[in-house]
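Next come two complexes built around chain A: one with chain B, the other with chain C.
Up next is the complex of A and B:
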């Protein structure tokens, strides 16, 4: 028996192929959408996994430091080190800010950390870790910064000594890591103009600038220009310690909030990115529906265009099964081409996206199955139309 | 299918090509691809350990000149930047009523001197009276023995003699009081005179005026500075070094000083003093570094970066610091063998400022280790060695 579908495709293979490619690009968009959603979740997981912490200690009654602002005194870590089960503690600050690089603004999240303690960047893709306690930075490659470049952050120039990959905030801003004290200074010491204005403002306040008390103004101004807060204290626990017990201890006696890795996952994935994830998911659903509709239309119009040929087939006694098989095979063929083109296109354009796009093999398999199912379903309409064609139309009736 | 062989072959080739392209994409771009890594070998060489800190240029000795009591500035004779000699008059303060107080003290002293003279005269008079009274009493006693006078007359004379002697004591005491009054008045005069000397501010050393803080006419409280003098030969760096890095710093170690105003030049220096008291709040140690040769015109308060060479370790094994990773709370490195990686715990010694870590134990010279990886590595994971993961800046 000859393969009707193959013969028909070969008859108009250009049109068939281009239809498949068009469909493929649509499927590529759908797959990318799924990849963007997976990328968001994965970014959150990487954000937590990179720092190497077991507990996040933040200001009481806040969901800090990523979902809410949180301020903790920077000497709190000493008290936390005294809690049973805590092996190591690191102060960390986060500040989203704008830096200038090669004449353009880059939005970054500035992270202050203590080298050798929880909160330091994960593995590097170039350069070395920070060895000096000031004015060195590790930047994410997405900032556009490269090794040995100098970047100005507020009042000081920093030398980029290392690069990371995929160190981004939950909002997708690439991170720049600097030593803690520099970061604390950045949070408080603004640009020179702001500093001078602030000094003048304080000097104009008669309570701080009393004629009979020399030195008071200087003392007040010195106290204004220093920062003693951090956003989170990250803890690494001893191997035997139970994180829930330690967290409870800290909540009860240190009057701070402590989150475990699972809590942070929940906060980041379920709370922080929940809305945007739902948004993307809705878009994904609509795209899938639209894709299905388009596949259905394409196959339907392809079938209608072959009305005369099908009528001839019927006239020469082709069975309904053969005709239905032809249409189904064509639909599935279209699906295969579409999927291959789509998956390829998604893989090719994924690196161009500003945020990370994660194309999971599992998603691809589910996607392939869905495409095939949609194609098969879509062909049902076309098959019904084909079977209703009157053989008489073949002879101009 | 009934196809011409050429066409059939072309179709199969296209299908196979498409499948291959997809397969290549899946295995080389996604999570299934081998991780790209850069590698380095363990080297044996000399490592220079160092500590880094930032600090400010400060004068080792700085003098703030000001009055010891509230006063008003009359004249300031020098300005910022002027070189001054020890003992040179720099500023004068308005003594307000000091002159009057000196005059008043002098007058009081003179008056006390008059009182002394009066007391001396009174004492002489009292002595003379006592002499007369005593001899009268003696005579009266002799006459009584011969029975010429009554016993009552003898008692009266005796009482007069005693009263006259008491009057002498009183006059002597008054004289002593008058003398102390004079001494006090003289001391007052001397004290006010010293105060007046304080109103003339003279330089305690040879140095340079670093700040002129007030102008004539300003009223000062006690202790408020008028001028600041520094000894420019005593300029040094007050550097703050993180306690974690400060352990190996010793007096006498060589240091490199970079001024913020001239970041391209490196000034040699030497650690001169390490403070006994560490800053407990910032967790930094304060280390004073002196210039080997003091650069001209360096301003006090300028920010500097100090790098102290704390040790030279000859012939030690080392790897780039980026190669040392932390897995399961353990320091170690990823070793490559046959395109796959395995984690090996190592003991890390010192880390240099240029990013090399000493390997005390766990690796041999020539071992190939992973330095950078594009993602976290898994044991036995496949890797692909590349020259650089991120293209460097053009």
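Up next is the complex of A and C:
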């Protein structure tokens, strides 16, 4: 037996192909949305995996530092180093801000860290680690910054000495790593005007500006200007320490919250990304419905246009099953074209997206199965119409 | 003793029920011998198409008897289990318009019939080409149906009706869209095929040009048949 569906498709391939491509672009959008979600999850993994930390110690009763603001005194690390099982500690600050680069505004996450301690950026793709204690920066390549470029962050100019890849915040902003004290200054220090104001106010306060106590005013002003907090203290544990035990110890004695890597994973993926995931899921549902409607419409139209041929085929002995099979195959054919176009389109336009788009083969397989199921479902209307066609109508009235 | 190809006795068909009922056939008697081409003539609404549909096993009569080559297929109820196979293997259809399938080429339009009966593609196409050659359209075997003239399309349609070599062919106004020369050609072809394959052919028509060509004519009026020897017999 010849493949009636295939012949029909070849006969009217233009309309079929255009529909398939249109469907394909929809599927491409769908796959990209899934890819963006996967990218976000993967970014979170990179964010957590790159810093060489086993425990994240944050302000009590917060889900910090990524999902909620958290402030920890910057001398807390000393006490934490005293906890059994803790091998190393590093203060880290995070601040989302705009920087100017080559006339463009770039939104970045400024990370303050202590070189040589947890929180330090992982492998660099270019350049070297920070060696000076001030005004050197390691930037993610997504910022557009290059080695040896100078970038102004608030009051100071920094020299870019190293580049990272895929160091982005959970919001997708590329990171710029600077020494902790510089970051604290940026984060907690006011700009010049605010500072001058503050100084003037302090100077006008007789409690601080005592003629008889030289140096007091300066000391107060300095303490106001510099920060004494960080957002998180990252801990590296000794080889055989049990992270759950250490975390429990810290919660109990230090009035701080301690999260393991798994906890942070859970917070980032289940809490922070959850809203995006729901949004993406809604889009997927809508796109599925739209795709189904398109396939149903085109297959139904194609079937109605073939009423006479179907009546003749039935009259000369074609089985209902063969007719239904023909229509189903056409719907699945649309699905195949759509999927191939969609997968290709998604791969082609993924690099253009500002966010990382991770197209997993597993998602593609699930996507293909869904597309086929939707197409099969969409052909039901047309199949029912075809089965109702009376072979007697082939013989005139 | 050889059986007639078609034997119809007291066939009746009522559409609908109650007040809406229409008695389209009230008592049709008809006998057609193998190799015979008979005309079926009657005014519009007289029941011609209804008779073809009953004989073509796409609608069920309400009373009477029908037999093909001595085998009863209907006797107050169908006597064959698989009407689809009956249509496929034992009845050829020629319609008012060719009703070819536009997405198949000429050969496959004909070959699809043996294919539906389970004949392998290669052999089905061989048979189709043979039949197309017999109908003088062998040179068009590879063409698309849209490339054929109306007369050529009708020949292809006849080839399709004949390709499974069914004992009977039902033709519903097969010459309606054709000019008189082509109409007469189609009738000539049907006669030749009837001779050659021993096929019994019923041609429904009210085409004045071709009526004289039938040796035997059934008139149908108001759901009843009346037999008449055609003019061709006298000639």
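Convention: the second predicted complex is superposed on the first by the 375 of 397 C-alpha atoms of A that agree within 3 Å, B and C clash if a C-alpha of one lies under 4 Å from a C-alpha of the other, contacts with A are read in each partner's own complex, and residues count from 1 in each chain.
Throughout what follows, contacts are C-beta pairs under 8 Å (C-beta built on N, C-alpha and C of every residue); 3 or more make two chains touch, one makes a residue touch a chain.
Just so we're clear, the structure is a prediction, and the values are computed from it rather than from any experiment.
J.: Could you look at A:125 and tell me whether it touches chain B, chain C, both or neither (first, second, both, neither)?
T.: Once the two structures are laid over each other on A, A:125 reaches chain B alone.
J.: Look at A:146 in the shared chain and tell me whether it touches chain B only, chain C only, both, or neither; answer first, second, both or neither.
T.: Touch partner of A:146: chain B, not chain C.
J.: In the overlay, answer first, second, both or neither for which of chain B and chain C A:279 touches.
T.: A:279: touches no partner chain.
J.: Which partner chains sit in contact with A:394 here, chain B, chain C, both or neither? Use first/second/both/neither.
T.: After superposition on chain A, A:394 lies in contact with chain C alone.
J.: Regarding the shared-chain residue A:98, is it in contact with chain B (first), chain C (second), both, or neither?
T.: In the superposition, A:98 touches no partner, neither chain B nor chain C.
J.: Could you look at A:10 and tell me whether it touches chain B, chain C, both or neither (first, second, both, neither)?
T.: Both partners, chain B and chain C.
J.: Return the chain, chain B or chain C, that is in touch with more residues of chain A.
T.: Between chain B and chain C, the winner on chain A residue contacts is B.
J.: Report for A:205: first if it touches chain B alone, second if chain C alone, otherwise both or neither.
T.: Neither partner.
J.: Between chain B (first) and chain C (second), which does A:181 come into contact with in this model arrangement: first, second, both, or neither?
T.: In the superposed model, A:181 contacts chain B only, not chain C.
J.: From the superposed pair, tell me which chain A residues show up as contacts to chain B and also as contacts to chain C.
T.: 2, 7, 10
J.: For a test of understanding, state which residues of chain A touch chain C in their complex under the given definition.
T.: Listed in rising order, the residues of chain A that touch chain C are 1-2, 4, 7-8, 10-12, 308-309, 312-313, 315-319, 322, 390-392, 394-397.
J.: Could you list, by residue number, the parts of chain A that touch chain B in their complex?
T.: 2-3, 6-7, 10, 49, 52, 75, 87, 116, 122-129, 131-135, 141, 146-149, 161-163, 165-166, 181, 212, 214, 228, 236, 239, 340, 343-344, 347-348, 350-351, 358-361, 364
J.: Using the touch definition up top, name the residues of chain B that touch chain A in the complex.
T.: By the definition above, chain B touches chain A via 1-3, 7, 18-19, 21-22, 25-26, 29-32, 38, 52-54, 220-221, 224, 241-242, 244-245, 281-282, 305, 320-322, 325-326, 329, 351-355, 372-377, 388-390, 392-393.
J.: Once bound in the complex, which stretches of chain C touch chain A?
T.: Per the touch definition, chain C meets chain A at residues 49, 52-53, 56, 58-59, 84-85, 87-89, 93, 95-96, 99, 101-104, 108, 111-113, 115-117, 121, 160, 170, 172-173.
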